[in-house]
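To start, the structure under review is shown below, and the notes come after it.
Which chain is which? They are A, B, C, D and E, in the order written, and residues in each are numbered from 1.
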Amino acid sequence: MIKLSQRLLGPVTLLLLGLTFWLGLWITPPDAVQGNLVRLLYVHPPIAWVALYVSFGTASIASCLYLWKRTRSEVMDRIAHCSMEVSVVFIALTLITGSIWGRPTWGVWWAWDARLTSTAILGVFALAYLALRRANDDPTLRARRGAVFAILTAINVPIIHFSVQWWKTLHQGASVLTSNGTLNVHGSMLWTMLIGFVGFTLLFFWLLRYRYRLEVKRDLKVADTVVEALALRQREGV
Amino acid sequence: MVVRLVNAVVMSRGFPLLSGVDLEIERASLNVVTGANGAGKTSLLRLLGGLDSLTSGEGSVVGVDLLDGDLRSLRRRVGWLGHEGSFYADLSVRENLVFAARALGRPVDDVASAVERVGLTHRIDTTTKQLSAGQRRRLGLAWLLVRRPELWLLDEPYASLDDAGREFFDHLLGDVLAGGATVVVSAHDPLRSSDLAPRNLQMVGGRVRVS
Amino acid sequence: MTRIAWLVATKDLRIEARSRVLLWQVLPFGVIALLLSGLALGPTQVGNSTAGPGLFYLVTLFVTLLMINRSQALENAPGTKASVATLGLDPAGVFLGKALALTLELWITGLVLLGGSVLFLHIALIGTLQAVPSILVTLTTLAVAGTLYGALTRGGDGPATLLPVVTLPAFAPLLIAGERSFSAALHGGALWEWWVIVVVALVAYTAVGILLYGVLEES
Amino acid sequence: MTRIAWLVATKDLRIEARSRVLLWQVLPFGVIALLLSGLALGPTQVGNSTAGPGLFYLVTLFVTLLMINRSQALENAPGTKASVATLGLDPAGVFLGKALALTLELWITGLVLLGGSVLFLHIALIGTLQAVPSILVTLTTLAVAGTLYGALTRGGDGPATLLPVVTLPAFAPLLIAGERSFSAALHGGALWEWWVIVVVALVAYTAVGILLYGVLEES
Amino acid sequence: MVVRLVNAVVMSRGFPLLSGVDLEIERASLNVVTGANGAGKTSLLRLLGGLDSLTSGEGSVVGVDLLDGDLRSLRRRVGWLGHEGSFYADLSVRENLVFAARALGRPVDDVASAVERVGLTHRIDTTTKQLSAGQRRRLGLAWLLVRRPELWLLDEPYASLDDAGREFFDHLLGDVLAGGATVVVSAHDPLRSSDLAPRNLQMVGGRVRVS
């Protein structure tokens, strides 16, 4: 079952993303105000959602599991590390798609708006996480410090969200699903967005799996060199 | 058995500091670790003190498992004298020792007698970074006297001590062993006191070759 | 835990009092940085009441980084680390003690810088006085969070430069909150939201520190 | 002299390249500090073209301080100091070499920060490009002066905090000059006066460094 | 006369590290400074190396006046091996030595042979901060081999060297003296080689008591 779903992950992701692009570019109508720019709607929000919630969520859950003695294993550490790395990619994509959207609509590439600012701060958190890992080469130390830092980041997500929210906002509000529960996008657009959300979420896990395997392979290679290094060391001075 | 290591490996940046140590050490024994420069003596002592962590293999020290035991409780029972033992460089000799005594819940009165024993009474209010190399070593010994650990790990204790200091150290070793504590010393010089019958652990290439 | 906290805090404060670094180096630095900020923005911006609180917090932040670094450097000297590790101090106590000492030092610095801001950035005195409680709480949060992040970055290559990278994103919301509550005190306006952010952060960091500081210290 | 300068410069750059502190720590720090400055001033101030150049230089200054510190810390390790002293290197060469390495590092950092400023502080791109030469010269002056002041503060207690106090007053005029010439590039206006200040300072610091660095190193 | 000190005093923060040293040292002689911890051995060597400056009294070393001579030219002619000799911790063994060779205008080829002689060939590309205490000492010796100074100042050279290292050091001393250089060593252990006839300078309380 798990094997099968893993096998299917790649093709299904590709299928859903292909569907999103096809629907987004050819089937859905252009917007009355924004024209063809609205097509970014099928890409930008899903990417942003993955960047902030899916990847940070995965990283912090894995980190908690790492710190809890009973579930501590390098698997958890690797998952946290890899999802944080993939998160950087998605945050960059969020910023890029957002900027591309912002330039024609707001007239600037970047504005000091709440959503944008909090995205940027979280991006810095992800970069800082990677920098922190780089700076420590003892694997246990690195894993522990990384885990603590990831948890601190997770705690910071709401703090950042509210502080920046109360600070000022320009960005698109919750426009798809308004607070009274009414939908205000066209039917085909909604479907496309929904498929996009699922597609990009699956893309995240696909990339994560890929990155994870790479890490395992690298660790195996390291293990080989360890054996070599041990033999070399044991011959020293004999 | 105070120390038990089975094929212990410690890696650092891809280099094996210890490349598979098998070792057992009995309670109240005196063990001298010898070996060429870079053989791994300091690394072994650091592992035993819980200051570095085990990469692979098994091990336990004073009953604490090195892989998933509580290293902090291990460290608490171990005394360490390293190549560079300077404590808080901005505090005086007395302040450093009072800090240690308070931290361990020992009576503060022990401090004066420890300082007296290592012969630093005339420098008791001198800032540690002002001390000479040998005086710093002596402060390290005083620190151990206040600590009274179960397992003493001493990395080249003779280095930079003068004759009187070495004499004192030999006396101390005798007392410590008589008190039931275990001692592991790394040294390039043979121990001076002839009353002690140390076990020699020779290290080569990150491993112990018990003789 | 409180016994160790007290022991560590007094030790840190004693070293600080002995070296006088706070008095002779950190405080002058902060005051000069305030002056420079005034200069860098040019006369049109100064007296501009929006910029004042922001600049005060920006400078305070840099000073805080310097002090966190010092606080961690004390523990990080090669000899010190190993010897103190074998004392097996309760990590929660160490965390609280270092945070306590840092808080006190930051309060002193913060109040001096506040005086400097009133002088050099022409912030209104009355509003500034009303902002003092919120500033002290913000500084406490900075100290607690800083102690935690300081321990996280300790010992690697060049911790002096890694620390800012790691702390800045975490300090950003605190900075915003502090600046807003300062501005609110100056111009009137709802204060409580900012209090909520800062206090929640304080509680969260304290809890994480007490629970996880030991994890950072081990190995 | 030039031979020693080259030797010292390559040594410093090699150590820098090895530790990657510039890439992984200093640059991110600078970018975050820019972001934070934008935050601290609030959305209303940003895009305000007077503040932009000032903030850019303020952040550059803090980054410069970090880098001077690193550059001096290399020479200051206890063992290093005595061993290198007995090489009896030509002090003028050491000074030039360290200044050269620092200049290069600052140029890289400065250009990245400039990009950040254009993005985050909304400084006009064209004007910014026109300002690049003046910025590079200012950074060179900062590097040269910083090397000199770094040597002055080396070795005391906590050089990390003494340095800023000593440098800030000296950097203040450079900062103003740089900021003005940047603003002039943005809005048009007389540029040459600011060039004069910066270049005179550069020449003066270089001359003093070549002549007197030896005095600083002795004892 | 390589060294001449008359009533030399060195003060540090109000404390006299040296409290009036009278000393003359001849060319090509071997001098061993002994004395209790804190007697002032390190301080004396630092003064001779131009690393600390004279507070009062008179002195000249290799012809350079300590009060108003050019200390830099003195340092250039002196070799120093201190308690902590680690050079640039981020550079490898080779890079450190190449830097020294270039700085002194010596051929870079000397480096490989110096490393060979001190037995660090298998660590030539290891970063200095990774080295063990004894290996760092050996790097210090290699540095001196590249330097070939006139006056060798060695602070406890035996400390943390293994037997092979000490043997090598004794050989080296012989060569150096034969080459006409002057050596001042501080030591707590007697010199091992019996061929050398060192002069003993005993220090007590910051002064030299020539025996």
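Here is the rule we use: contacts are C-beta pairs under 8 Å (C-beta built on N, C-alpha and C of every residue); 3 or more make two chains touch, one makes a residue touch a chain.
Predicted model, so just to flag it, every value in this text is computed and none were measured.
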Touching both chain D and chain E (chains): none
Steps in the shortest chain-to-chain touch route ending at chain D and beginning at chain C: 1
Farthest chain (mean CA position) relative to chain A: E
Relative to chain C, chain with the most remote C-alpha centre: E
Interchain centroid distance [CA atoms averaged], chain B/chain E, Å: 29
Rounded Å distance between chain C and chain E, as computed from the means of their C-alpha atoms: 45
Centroid distance [mean C-alpha coordinates] between chain C and chain A, Å: 31
Centre-to-centre distance between chain C and chain B (centres being mean Cα positions), rounded to whole Å: 37
Multi-chain contact sites of chain D, meaning residues that touch two or more partners: 19, 24-25, 28, 32, 35, 39, 42
Chain A: positions in contact with at least two other chains: 121, 124, 127-128, 131, 135, 138, 140, 167, 236
In chain E, residues with contacts to at least two other chains: 84
All chain pairs that touch each other: A-B, A-C, A-D, B-C, B-E, C-D, D-E
In the complex with chain C, residue positions of chain B that touch it: 46, 49-53, 71-73, 75-80, 82, 84-91, 95, 99-100, 102-104, 127, 136, 140, 143, 147, 149
Residues of chain D defined as touching chain C within the complex: 19, 21, 24-26, 28-29, 32-33, 35-37, 39-42, 44-45, 48, 50-51, 54-55, 57-58, 61-62, 66, 69-70, 73, 157-158, 160-162, 164-165, 168-169, 171-172, 175-176, 179
Touching residues (chain side chain D, partner chain E) in the complex: 4, 7, 11, 14-15, 18-19, 74, 77-80, 82-89, 91, 214, 217-219
Chain A residues within the chain B interface of the complex: 69, 137-140, 222, 225-226, 229-230, 233-238
Residues of chain E touching chain B in the complex: 12-13, 15, 35-38, 42, 83-84, 123, 130-135, 137-138, 156, 159-166, 188-189
